[in-house]
Each structure stands twice: as C-alpha cells, then as structure tokens.
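Chain nomenclature is as follows: A, B, C and D, assigned in order of appearance, with residue numbering initiated at 1 for each chain independently.
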C-alpha cells in the first residue's frame, strides 16, 4: 500500500502548506514562457509540459542577486550583507533532471567555502519531484545514467497515476516527510499502480565519451573546431542549464554608495577568461566549447565524482544554431 | 505631498552655442528654474544616446539636449548627425514607452540667452506637470542601487 | 541528499576594509601599495592563514575587485603589500586612491610555496617584468631567515630599464654578499648607463648557468616567458619537481565557485596559484 | 527538391573549380523541423546540403568570423534576400570585401523554395529595390498594432513585462549578423554605461541600446527573435525602427554594398519638427 495524493485535493494541500508558512512553487506556463513560479491555487500549475523552459536552478541561484550594500563616508566604509530571502518553500512538480541539477551543484557551492546564498535556499526548500510520463526528442537523462524518476536531489518523488488523477508518494528525506505530514489528512492509502515512466532512449554511450575526453591527446583534437564551428558564442545553453554555476561579481553604484551583485556569467563569452594583459587562455569559441564539455564530463566528475549534466536537454532545445551537449557527445561516441 | 514637485532635469549642451547661450542668460541676469543640471560637451555630435539613458538611470525626471542651430555647428555638421540620431532615438524611446515629453531637444545659439531662460522655464514647467518619472524610478529602486542625482 | 547541508552565517564574499598606509611608484603605471587592516579580527584571521604564495582580491567599492598576489612575505604580516599595473577599471580606481583612503581586501586565498621544504637548499628565482611581486614574496620569506637556505640567485628581467619594479630592493639585493642578482633587459630596452645584461630572460639564464644540484627554482612571468624559461631550465638539468611557478588567471570569487580560473581540471584559485612545473606540464597547454 | 538538387550540383562545381574555398549552407537538424548551419568544403559535405522553406537562419554573420576572409579567397553562402541585404551592410561598413562573397540566393513562399538569379551582390540590386517598394509582408503584425495603440505608460509596462524575462544571455547579439563589435558596449566598463546585471533596469537598458545600434541597419532577418530563449518579441522593435528610418530618411537598409549608413550621414533638410 502506498499513499496517494489525488489531484482534486491539491488545492487543499496548497492551502495547508501556505498556512504552514510555505511558499508553494511549481511549473507554470506564462504567456510566452514557462518556468517555476509561486502559485496560490492548483489551477496555476501546468503539469502537462515536458519540462519548463526555465531551469529550477534560478530559484536557488538567481540570474542577479545583491550581495552587499556599501556606503562610503570620509574614512569610513559601511557594508551591509544581503542574505538570501528567508522563508520555507515547497517546489511541487519539479522534474527529476532539474532536481538532480541541484544535487550536482551542492558540492561545488560547498567545498571549503560555503556559499550561503545557495545553501540558505537549499535548506529552506522541499523538492517534490514528479516522475516524467512524457519526453521529447531532446530529453537525455537516461544517457547520463539518470532516469525520468531519478530521486537525486529530491525530497519526495511522486509517480502519476492513470488519467492525471493524482500521484503515488515516495518520501525520500526527513524534510520531505515533514512537508507531507502537514497534508497527511488529504492523503489516501491505495494500491493503485503508477503510470509507467516514459522511456527515454539512450542517445550516446557516456562511458565511451568520458574515456575519450579523459585522454589528454584528444584535448587538441580537430574535433573541437569542427563541432563548434557554428557556435555563435551566446550563453543561452549555459544560462538555461540546470547545473551551470559560473558567475560574475559586479558593482553598481558610485563612490559613495551602491551594491555588489552576483550575476550569471558564462564560459561561452570571450571576455570570461580574458586577462588584463589581453592574453586570453580560451581565445577561440572551440576552446570555450571544449571547456564546457570537458568541465561537465571530465573535470567536474574528477573533483566531485558526478557529471555536471542532468540530461534535461535544454541546451540543445534552445540553441539558436541547433548545437548542444547531445550532438557533441553523440559525435564523440562515433569517434 | 504638500511641497510642489521639483523635477530633476539633466541638460546636455554643446559648449559653442547653448552653453554660451546659458552664459549670456546668466550675465544678463535672467532668472530661470534651478532644476536643470547642465553637462557641457564639445558638440551635439558628441552627445551619445547613452548619455540620455545614463541620466535616466541616475534618476532624472527629464532630459534636455541642446546645441547650435543647423548650419552653425563649430565642427560644420556635428549637429546634423546628431539630429538624425535623436530623431531615431526619440522614436525608439517612444515605442518602448518613455514619453517624448520627457526628452526634449532644442537649438539655442550663443546669442539666445533669453530663449535659453524661457526654454528652461517651460521645460521645467512641463516636466513638473508630468510629475516624477515614477515608472523608471521604480526600476531603479528594484536594482537596490541608489540613484544619486 | 539534502539533509546534511549545513548553513553557515558567514558571507564569503564580504571583504575586509584596508587603509592605504604607503604608496610607491615602481615603473610607469605600476604601483605598490601597503595596506593595513582596519578590523583587528580580520588582521588576526590574516595572520593565522597567510602564507607566502597566496593571493587576494583587492577592491574598490563601486568599481569591483581585482586579483593579484600578496607581494609581502609571510615573515611580515603586519601589513599587506601589493603591486599592480594600472590597466582596467579596478586598478585605475586603486591607483587613484591616496594614502589614508580605504580599499577592500578579500583573502588570502589559494595555496602556498612549501618554504620549509626549501630549507638547506640553493634557491634560484627567475622573474620577468611585473611578475616580480609574487617572486619577491618568496625572496623575502627566505632572506628574512637567510641562514636556513643555501646559495640564493635572482634572475630578473624586464622589457626596458624603466619597467623594472622594486628598484630600491634590487639595489639592496645587489649590495648583499649572500645574494647573487642577475639583471637583464630585453634588447633595445637598455638605457645609456645600463651596466647589467641585455637579453631575454631564458637566454640570460642559460648564460648564468646555475647548477641544478640541490636547487629549487621559482619562476614567475608572462606566459610566454614561463614557456621558454621552462625549456631552458630543462636544458640546465632541473627536475620539473623542483621548479615552482605561479599561475595568475582571471578570477572573480577566489573561492572555487565562479568557474573562470579553471585550467583543465584545476581551479587555480583553490589548488593554485603555486604549482610545480611537473603539475603545469600535466595541464592542457592551450588553456594556459 | 529541384532547387536543392540544383544547388548541390552548383556547390560541387564551385568547390571543384576552386572558385570558392567554402560554402556556408544548411543541413538537417536534430529534429525534422530544424536546420543547422553547414560549412561545405568537400563534395561529400555538399551532399548534406538541405534547402527548403525551413532554412530560416541568416547565415551572413559567419562571414565575419575572425580569419575566414583574410586569405582573400572567396566564400559561397546561401542567403535569402534579407541575408543579401546583411552582407551589403557589412560591406558598406567595411567588415568584408563583397568581391569575396559568392551568393547562392533563395527565397520561399509557403513550402516552395526557389533560387534567386545572380551570384554577386550587384546582381540583386533590382530585386532589393523591388522589395523596398513592394514589401512582401503587407499584413501588420497584430501585436505591433496593439502596441501602437497603447499610450506611453501602457507601452512602458508592456516592454517591462517582456524585458523582465531577459536573462542577458546575449543570444540576440550573437545571432545578429550586424553585431560584430569585438567589444560590445555592454561589455565596456570604463565607463559602465549600462547595467550588466539582469534586473529589469539592466534588461531595459540593454534592449534599448541593442535596438538603437541596429536602427537603420537591421534587415529583419529574425535571427535575434528566433534565438531569444525567453521569447521576447525583439522583431517588433526592429520592425518599428526600420519603418522609422524608411519613413524618415527613405532609408532601406542594405540596398547596396555602397549605401551610406543612415546614422552616419545626413541631409541638411532632415526633418526637425521635434526640435524646440
């Protein structure tokens, strides 16, 4: 017997969570863009899409975020910290790839120095993932050894039952159990089976790719130039990536007062690594694309024992010139 | 608000004509509204649309741009180039919702001290009537960074 | 899983406030500043953690932060000295700051030179142009406890005579009997009264031919100089393990998050900036 | 299909005769409705060439890739009329030597794709003048009409809403053939003219500046609009500005490789009704 949350009870659950002080966030279809956003009613959710266009990452690592405010008087500098907004949140209906993305970035934001902007939000968020029953041509979680019902990064996993009537509940962490204890009145015991998760075909052989990437000889392979020739060097792949975490620190203001912000930045930009002297370690687009692939599948796993890719496929889906990780790794598999 | 609203206006002027005109207004002891902060530039051709945006970014309620009459440019045709640029930029601002009422353009020669004083007064009055540029200042507020004009 | 994530209260991006207590112009556009901590707690923290080789992010609020090494040695922790070339937004603001003005410092970050391992050994310092500051930190760390080391040789070159930095200290080293200083400028960069060598650093190094026996080499300079100096050192018989260098990449966070200093799998800000030539040779050369 | 086959043969001939070193075209993309840029250097690569109505991307931006044209060899490129206008502008702004470009022109109506006569930029001047006089797209975009009916405040709010989604990935800039600056104004920081942060003010400033820098230069190929990952209707601003320069200065961007850039030239009798 498993417990079920029926869709028609979702409004009650949302109300309950909200009165318990949780902000309820989930997939929302905006007028021209989908993403994760706060809702008040279940009707605000859109569970039908394969996955929201904007990644879950931005709720933990926003595109721009104030860090410090400074005020300068004569011989005196006052600084005040901005902290990440306080308040518990429940993210209801995350995709497994988005949730895994958070878990992938945890070690990076936490090694030696802890980024409190990230962890404050991580600690206050409950991630409720819904297993996918739908995929498109770009989904590739299985190729990354994850799955449409992967539990990585999630506190609760929900499996849809027939006709979108509700979800089977699989509590994974204490935080998840706590959040679902709040709504336990609305849950029912049942033996109804879950709808099988979607079959996402494997697109490339990850192990073979990683072996190829790890071979130092291939660093200078002509392959990199060929594959990235049409890359235009924008940052849509990195910004929409659920795991890309690079950022810039920028001051806004003048000599007397202003704020320091943390903004998304991307390895696709030429200026990202440009030295003051004019020397640029990654001066060509091919070097930058190589860095992105190497970082995700060679360097990052070398440090944190996990690939920095969760297989959401947004990079390929959104690329203005139809590039992406899938194509690159598929081509590497062929080499 | 009991106090009447005092708009902040930034004027970008060319040094050869309008600035000299402003000087003349001063030496002629003409009185005009104190709301305008003047930024002197070598030529209207040097006035980049970035300047207008920067002024708004710093919290201006209105912007005035002024230079030599056509044909009078110290650099022969800086103001002709500027005129085209403004025309296009003005249309762009209009299209994106910044009312052209807030961004004014004028020609004032070195001899037109009186016109300068009148213009400043009328522009100040018009922008005072429009009220503070709340929409833009709301954006500035959202950045958390202080506007310091 | 998320349970074991601990929140910390400290903002790792918040810098310490420093007062400029001294300035010195080294070369056209190159300036050294001496900074003192304003908050004793920050100073204590610095004293506890700073070791020669580490770097910091120096900043001016409103302009941003810029990364360069701490040019003062671990034997002198009462202040921080830094030397920089005025070139961008932040360094211009730093250059415009006067004695008594406040600037910011975040750090010290990165790894260090294993100076205890150098005890009893001969030392060879090779440096080019504006890259003397990181070497200088090691030089003074050693000279301040001179008895612990063998022969000390310093090879330093710059494009022109005017571009040599720390001229007063060069004079001091020149005078010392226990230091051998080899100065050089690039061909064409000499002044009429230049009494030292003329030639590129690797060439001059090969001419000076220091013995690799029981010797540690520390090199620092522009990427192109490092490349050719490493070749020369190899020719002279130096083992890659005994050659140290520092990599100075563009950085923003300094704490291994922002991602721009990576060379291959290495986060220069955390695993560097000090590397042995053996470690550098394992990095992808194209990304240096 | 016939056009595609004919062009495959043409490309092979051009490469075989050595008259071009490369042809930039299209090949199938990751899904049936997608096309991706293709760089053809060999006859085998030419076999991958696809040409149909879904080949929308204006490829001319690739011509200013660093080093591509510096050996003075010729390069072939598949272009729609807007693409031809783009390279005219690039030539007029001294970004490329028009003599080095071999144009393989095409256009489409519905699903039909047809070749355009000519190989050199000059061959298309008649066609472009015709397009200027008789714009193909007669029906106005409903959204544009809606915006034009708004008052200033409503328009401001409309664009705030749109720009608020911007993430500053600069896909619009990178996709645009006209945005070839080595250092974009948004990347210059001395002074920092516009906010680099992606808050609403920074987004607004960026989009205004981008649109202004393209005024009188945009050919409305739609690259930016298609590239935008957050679906901001950038084409509307560009269209509006194109109308503005056409009405104001009779300027149709990219009419010829020697056309004077509209904002770098002037007429003494330019309109100045707005000047006090």
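By our rule, a contact is a pair of C-beta atoms (placed from the backbone, for glycine too) under 8 Å apart; a residue touches a chain by one contact, two chains touch by 3 or more.
All values derive from a computational prediction rather than experimental measurement.
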Which of A-B and C-D has more C-beta contact pairs: A-B
Centrality ranking, top chain (CA atoms only): A
Approximate Å spacing (C-alpha centroids) for the pair chain B, chain C: 50
Separation of chain A from chain B, taking each centre as the mean of its C-alpha atoms, in whole Å: 46
Centre-of-Cα separation between chain D and chain A, whole angstrom: 33
Contacts with 2+ other chains: residues of chain C: 88
Per-residue multi-chain contacts in chain D, two or more chains: 195, 197, 199, 202
Residues of chain A engaged with two or more neighbouring chains: 248, 250, 252-254, 256, 258
Chain contact topology (line, ring, star, complete or other): other
Touching chain combinations (by label order): A-B, A-C, A-D, B-D, C-D
Residue ranges of chain D in contact with chain B within the complex: 147, 150, 152-160, 185, 193-195, 197, 199-202, 204-205, 207-209, 211-212, 215-216, 237, 240-241, 244-245, 248-249, 262-268, 270-272, 274-276
Residues of chain A defined as touching chain C within the complex: 67-68, 70, 72, 75-77, 79, 81, 83, 103, 106, 108-116, 119-120, 122-123, 127, 153, 155, 172-175, 216, 219-220, 245-251, 253-256, 258, 260, 262, 265, 267, 272-277, 279, 281-282, 287, 291, 294-295, 298-299, 302-303
For the chain A and chain D complex, residues of the former touching the latter: 30, 32-33, 53-54, 63-64, 137-138, 229-230, 232-236, 238-240, 248, 250, 252, 261, 263-264, 266, 269, 271, 316, 318, 320-324, 326-327
Residues on chain A engaged by chain B in the complex (per definition of touch): 66, 69, 82, 252-254, 256-259
Chain D residues within the chain A interface of the complex: 29-31, 34-37, 39, 57, 61-62, 165, 167-171, 173-175, 183, 187, 195-199, 202, 223, 226-227, 229-231
